[in-house]
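In the two complexes that follow, chain A is the common piece, with chain B as its partner first and chain C second.
Let's look at the complex of A and B:
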């Protein structure tokens, strides 16, 4: 390595006289910010105006409720098995309907859920999907454990996500 | 009863209603400082495509009061290593300087109501400019004391930077004012304003002096291209790192009050004060002319205040050596040159 023979570094571009006296450059900068002041704002005023995510958004996992009011879930327990955060608890039971199994108890602990979407990916029935719901605030730990009452969502409300899954999964 | 009334009247009318004028100016200053904070936040938001505070009150207009009340209720923390007396004294000096400087700034020409000549300035003294310069120098102590007494390295560095910066820029500030005084032949702010009748604004006659004064004013008020005393990325908060609650609020208020003073001073010295060029030729009634002139003063100050905030959100901070280079090697010679320029103008045109 000939460290001593490296020619002195040349600047890519020396400042011209106009740049050295600052003032034209300052005026340039000022005019840029002034123009920006009159441009439309990006701010979304949250509680009044809510952000609606696209179908690819992974929000709170929910159970799909068919049009006749039954859940799609057959309580196979795959979601519970795959869940890396151990957030899902399923207990199966039998019925006389065409699908003979249903979840007697289906609980997702929203304090544990990491929104990875593995449950949705692994589900053979397309029964658990990620919704667009991102407003998850609890005042105590019990509230954070979502049972079937909170998890079941009608299928029309989840159509975006289901379409996305069918196209890209 | 009559005696008490007479005494009251004597107090109120003392020195052409001095007390009332002080109260009016003080209230105006506090309100302007409070709303400057609001506009600072709004303009910064606009410059970044945001909306800014808009929750407290109509369009967020009560935001600054919410901030003040929040600070009032906060705990006042004094570090163990602090020199407690000086730590408490520093914000008081800052506020004192910020509020007293305004005494000599004329808002408008004098008026006569019911036989009383009421000047629109608290103290029409003939050493006004000297007084302003003296007080702004005292302002250095506030920041230096704050930095030194906090017992924190960040505060100390901020304080040291600030003392060096303010002393260097005070020199070019003083020399810039020299040009103005050459023309007005008086240190009285009223006389300086009156000397700028018509379009004879000092900003047009001595543009170099105007620019050097403007830049020095930015440095004196520690506003952004020169806010090294409180450079956040390097010094946490600079001299006010160890301040909280109302002591911090005092520094905050003083900063904005200083900005207001710098703007009024620039208007008085360089932009014709309350003068509107050739307004007397329009043949308006004297009351209307007065109102327009006072309004003109406030508009000029408002534009400058906007400029202060606008610059803050446009121009990055200088490095410390660049700041000193600019102060001593550029601003100082330029302001000297400005004095020569004005002297030559006076020689040639007998201004």
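Let's look at the complex of A and C:
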């Protein structure tokens, strides 16, 4: 194209002789490796060894299951409304329990979820919280949609997160 | 005209109007719970308190008659703090259970809490507790905790439904709503109290907990339950109708609709007996076939008969467009003058309020569209007689289960050599049909109905079918409709393989070698407005949301075909 006549960039500095033969640079690199080998290591041998995050960690969202085996969720649909990724589907139905309604269906599409934690923040019942579970792998799209069977987690397994929320939210 | 001033703005009023009415006519909403434009003034909620110059105390705008030169303030410090105080009082005993309340999202108390309340409560005592989940009637559930005692529901029953069923009992903070002893809230208009209840104290038992209002799309259309043609909104989610609510039209239904219309005019759409795709009778059973196959078969079968051996029935359930194309199809494609439709009159259904004894939505429209026998043609009774005598051997029936009202016709239809129908659901007539074309329901197509007053009103598609796409058709779309993909379970709502009757007839005409050149319902209507005097000068934009009264509902108007 005419007008596009910017001259090619000139090299500002040519490599020095030492750099050109590489050997000193290689020695420098190897010595760093050697020094690091004797320092304490931080890498974990996953999956043999597992990372257990703190309460502030946002793993996959789960539903809180009370001690009596019932969900806390009243199917208000606020999490579904606030979810920026449209990951949550809730279908309410009537129950005889005091709170009148419960989620007949509660599904989170883990392929849509972006782990933002908005659902947890908006929930009026502390019924959906972010867990420590980060191990999510599926071989097809259908498996990525988690129903109540996979979402409900007993409340005592979630105590860390609930304490964190009560202290810092 | 006399004027008064509100918040620095001069507005006109008619003598006798209250401040709230005059303000409303001028587009200013004064917040209110208990006042309703169609109910008597009760003045109990105190939400509409305004400051009026030269008056010692604040006054309620709903019962203070406007006067020349009055100076009213809605935004003075006094008025604002009065509204805050009233809201604080309302919220003292309100349970604030919005998460489990169906009204959430369309609740006046919620909205006003944002607009007119400081959001602080000084109340530390325990809230009152009243009965919850009280079945006031077969279709309405009452939650005493949520009730703000506005008395709208009581006044509605007394004044509009003319059937006093509800009343307050007890006093002070224990006041609650109940039905009179031995009574139920079961008048034919009872469910309107759900719409006018400003909070979630009264809920629709049919719709309870089915969906959140913000997840749904809504479409302005017309009830097909009777010839009144109440203006309604169809609320849908995931391509399924979940509820109908009335839409204001002073000329037709005001703010109301009847419970029959609200409950019984949409469930057939997703019912199990819905017809999905064209069907043909093979060895006694109706088998699903492709459109082309069904058109070809219908065309060749029809061609086997003489013009005088074929009769056509239009339908008062179908739109003006469907009937217009049907009349054209019968006369110019089939060449028959044996053309009529069946009237469905049920005197027990009609009343003095809204319900009309004609239980079809479009009798006038079918007449105007030219569905009538030609000079030597038979009317419906004539057609029945001619079938009995074996003179008529083939019959086409548009969207009408003619056997349902009249079982005696069974022997008559059984005598036919060919029965073709357009129907939305399998029914008694389809059980005898040889070819069945799947008709789109009123919630899946564009078109017009003419009500018993001679008012032409528009219906619009609220549900997508294989034939009409939500986005392409410009249908109302919720957030979920917009962003759902084929991988989301919440976006897999059933799409039926059905078409508008006019479109089916256009397809069949073309299979018979004749062109009816319509691609959209609007084009059919354009033709109607050019050829039928009553519709002259009208188009879909003119009919708009509220319909148009046809000037001369001259039932003999000429149809040029």
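One rule holds in what follows: the second predicted complex is superposed on the first by the 133 of 169 C-alpha atoms of A that agree within 3 Å, B and C clash if a C-alpha of one lies under 4 Å from a C-alpha of the other, contacts with A are read in each partner's own complex, and residues count from 1 in each chain.
FYI, contacts are C-beta pairs under 8 Å (C-beta built on N, C-alpha and C of every residue); 3 or more make two chains touch, one makes a residue touch a chain.
Note that the structure is a prediction, hence the values are computed from the model and not measured.
Residue contacts after overlaying the shared chain place A:114 against neither chain B nor chain C. When the two complexes are overlaid on their common chain A, residue A:125 makes contact with chain C while staying clear of chain B.
Legend: residue contacts after superposition of the two complexes on their common chain; A:136 is shown touching neither chain B nor chain C.
Using the contact criterion defined above for the overlaid structures, shared-chain residue A:99 touches chain C, although it does not reach chain B. Looking at the superposed arrangement, the partner reaching more residues of chain A, out of chain B and chain C, is C.
In the superposed model, A:42 lies in contact with chain B only, and not with chain C. Once chain A of one complex is fitted onto chain A of the other, the partner contacts of A:32 are limited to chain B, with no touch recorded for chain C. When the two complexes are superposed on chain A, none of the residues of chain A touches both chain B and chain C.
Interface of chain C with chain A (complex): residues 98-100, 104, 132-133, 208-210, 212, 214-215, 479-480, 483-484, 487-490. By the touch criterion given at the top, residues 74-78, 80-81, 86, 89, 92-94, 99-101, 107, 109, 111, 124-125, 141, 145 of chain A touch chain C in their complex. Within the complex formed with chain B, the residues of chain A that make contact are 23, 26, 29-30, 32-34, 36-43, 45. Those residues of chain B that touch chain A in the shared complex are 43, 45-51, 54, 211, 310-311, 313-315.
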